[in-house]
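In what follows, chain A forms one complex with chain B and a second complex with chain C.
Right after this comes the complex of A and B.
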């Protein structure tokens, strides 16, 4: 039974085909990675699934506990409620998601307050717990993110997104732009949090290593089309499509 | 006055403003755009309030105008004089006698009645303005009732200063639906808006918006459960009338650092003094 499903998505940006008859499904508690080179349409697909952009044809379906229904039927208000409570979106650049002139506690509290939390003490307590959960010293709750390092900012964004305990999280290159040791730590953190909370994740990455580490299943995209899909190990160890073979063989040996 | 229509504005304009007012009353706290006119005074001096007053005032009305609570300041005297000339209406400085009260920055201390209308001059009608500069975006927030950001601001205030630092223009939730700027009245006056028997109209001339709070409507100041809204007041009594409950102005009286506290509502202060005498 799928939690999220996309059926026959098509999206055209002028003469460029970003999505060409794309259909995918995501089960509960599953991590699905979308890999492909730049311009292959993977971010467009992610934004479509997350309800941020609409397609020319096709639809995205989501199961809110009573079977799959199209998210377009929710209306803008219903979709926003979904996005700010049951869903989460982690951006590549935490500066785009966080308020840099608001304290770490305020950033984490925002989603709670948007959902109607009105008790200052409770919000603060939850924020402190989440800081600890993403390995930031809770004593930094009143510090501004602009004084945080890149890796800390990314961890803060993760805390600020997961604070409402969503069931589905979209991640757009969550470790892009970070140096390798920081990347490893973030990946570790994401892996343990996803396990602990039982999240379903749609992850966009161009880094095969990230996909191998995190994902249960893999979707390979090229020029707006899905060229190969399957279990991560299967696809990466025995790629069928020539493009996947190229992608796998172009990973630097470690 | 010859050469002018009653109450300065032409009838078509007044009709347009009344339509906006009706919409505003129908959706408490929601900002209605209107075609604000050039008025014979600069933006920021009360052009929005004057247009609303002009649209609702009739020959039998009695007008009171206050500026920071006072009847004798430039703005108040000029606007009162203006309507005295262009509408020929009776004006007063007594809150109880007035049927229309135009105000800047204060709500009178005397409780208002159902047959009175309070008209606010509003410089900035958008409560989210400092958080989100785009009007298209703020309209969307209002439509979706997404006001989490405002709470983030209050959260930040409490975190940094131990309390909410806005002493005036403290945002309110009207009828459990729309976030509204109460215009720059002191936080002290916010509770008076809640279930007020009088109709409250808000006019923002430069920003071209009208909004309203109908009589007996819920108006709640935004706060946290464990940090309840606190209407601030200077911990003194009025040195003229001795009131311990009214909102006070701190007035510098010499160049040696001397100062005194006195009621900001001059009519309230005077009537207190004449009652005592």
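Right after this comes the complex of A and C.
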């Protein structure tokens, strides 16, 4: 009973094979990490699953409560609605997701309004609650994110994504550009929010530690192919594929 | 036969080290194990004979190449070697407890919540989970002063005891213990022996590695002596190349 499924995805960028017959499934409340180095196809896979790009062949299926059906059948508008209401996408760079000249509260409220909320007082109240949930002082609700630190901006993006209570969230290196001390805080925040809200997550990361902390299951990609998959701790502690062994052995001991 | 909680049949496990020219290590060969409710089996044998490998395989942390690992989960025997990841996660949540020597600290989570988390994961309400966690921490000599702090800053011994508290705060039907008393002082060692005895008295099945013979004698009902299987097998570079092509 998968919530999301990809079947036989193929994608070619010129002469580069980004996805080579990739199939995966994701269950409700499951956290799946896709790991691999740059160019392995992991971000292409994420964007394909999230409906941001199309593939040369293969399809992505999603269960909106009536069994799996291809998201391509939704049409552009239907897909947009799904992405806005039931899905969320957290980018590595919050500047790409946030509107920097709109207040923190406005950034959160916008998504709510896109989902149909209208009452200004309620929206403001919910926005304040979400700022608190991501550990931003609610008194900064009228401040502009361009004055925020990188870590705060990322936390704001998380609030703006989760405010509509999606059931599935895609994350692209959510701690990628941040200092190590800031990373720990974001990771802990993501970990507890994901658990509390019962989210299903597809997470792309090149950081094995992030995958170990957050993910139930792991997919290892190289040159557009899935080379290994399984329980996170099993794949990391007993890696079978040569490439996974290389990835694991390259991590500095903590 | 319904009192058998673990039945491992004819397990074999070979590690292939791709980064070391495909060197193969045969660690388990035709190993079997039965553990009944209310008993403890100790894994023994010289270093390198696969004690940890066997224990980790019983948790689904390592994959065996051959054999089956039947675990009693909610009244049914389930073969871990064939169970999908989601089912293994569920079995680990309620049936299989694993105690390692080392705590994997999570940033910012307090000692109390590290321990209480094991209970809330299984559906216990938070206030009650914290109360039980506090009692267990104190039993293992971690006083209230430390409960509100993240264990990352604790000494090695304190971290180990937080880890033990996390393991023993739950009533696991099956407990896998990897050197639970290593580097503990005698007083704490005795407390852990007591906790293991209580688990047995509740009907839990225990499998453990105990280098300390005193602990082993105090808790084990049977000893599975593992013997070295292996000579290292070096795969020639030609064979490796063929493998890569294939």
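Quick note on the criterion: the second predicted complex is superposed on the first by the 254 of 254 C-alpha atoms of A that agree within 3 Å, B and C clash if a C-alpha of one lies under 4 Å from a C-alpha of the other, contacts with A are read in each partner's own complex, and residues count from 1 in each chain.
By our rule, a residue touches a chain if its C-beta (ideal position, glycine included) is under 8 Å from a C-beta of that chain, and two chains touch if they have at least 3 such contacts.
On a predicted model such as this, the values are computed, not experimentally measured, just so you know.
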Superposed partners chain B and chain C on chain A - clash or fit: fit
First, second, both or neither for A:173, with chain B first and chain C second: neither
Touching partner for A:187 - first (chain B), second (chain C), both, neither: second
Contacts of A:228 with chain B and chain C, given as first, second, both or neither: neither
Geometry of the superposed three-chain model: angle at chain A (Cα centres of chain B and chain C, steps of 10 degrees): 160
Which superposed partner A:120 touches (first chain B, second chain C, both, neither): first
Which of chain B and chain C A:105 touches, first, second, both or neither: first
First (chain B), second (chain C), both or neither touched by A:213: second
Superposed arrangement (fit on chain A Cα atoms) - minimum chain B/chain C Cα distance in Å: 35
Intersection of chain A interface sets (partners chain B, chain C): none
Touching residues on chain A, where the partner in the complex is chain C: 27, 30, 184-185, 187-188, 191, 213, 216-217, 230-231, 233-234, 237-238, 240-242, 245-246, 249
Touching residues (chain side chain B, partner chain A) in the complex: 144, 146-149, 151-152, 155-156, 158-160, 223-227
Interfacial residue positions of chain C with respect to chain A in the complex: 15-19, 56, 60-63, 85-86, 88-89, 106-109
Touching residues on chain A, where the partner in the complex is chain B: 76-77, 80, 84, 99, 102-103, 105-106, 109-111, 113-115, 118-121, 123, 142
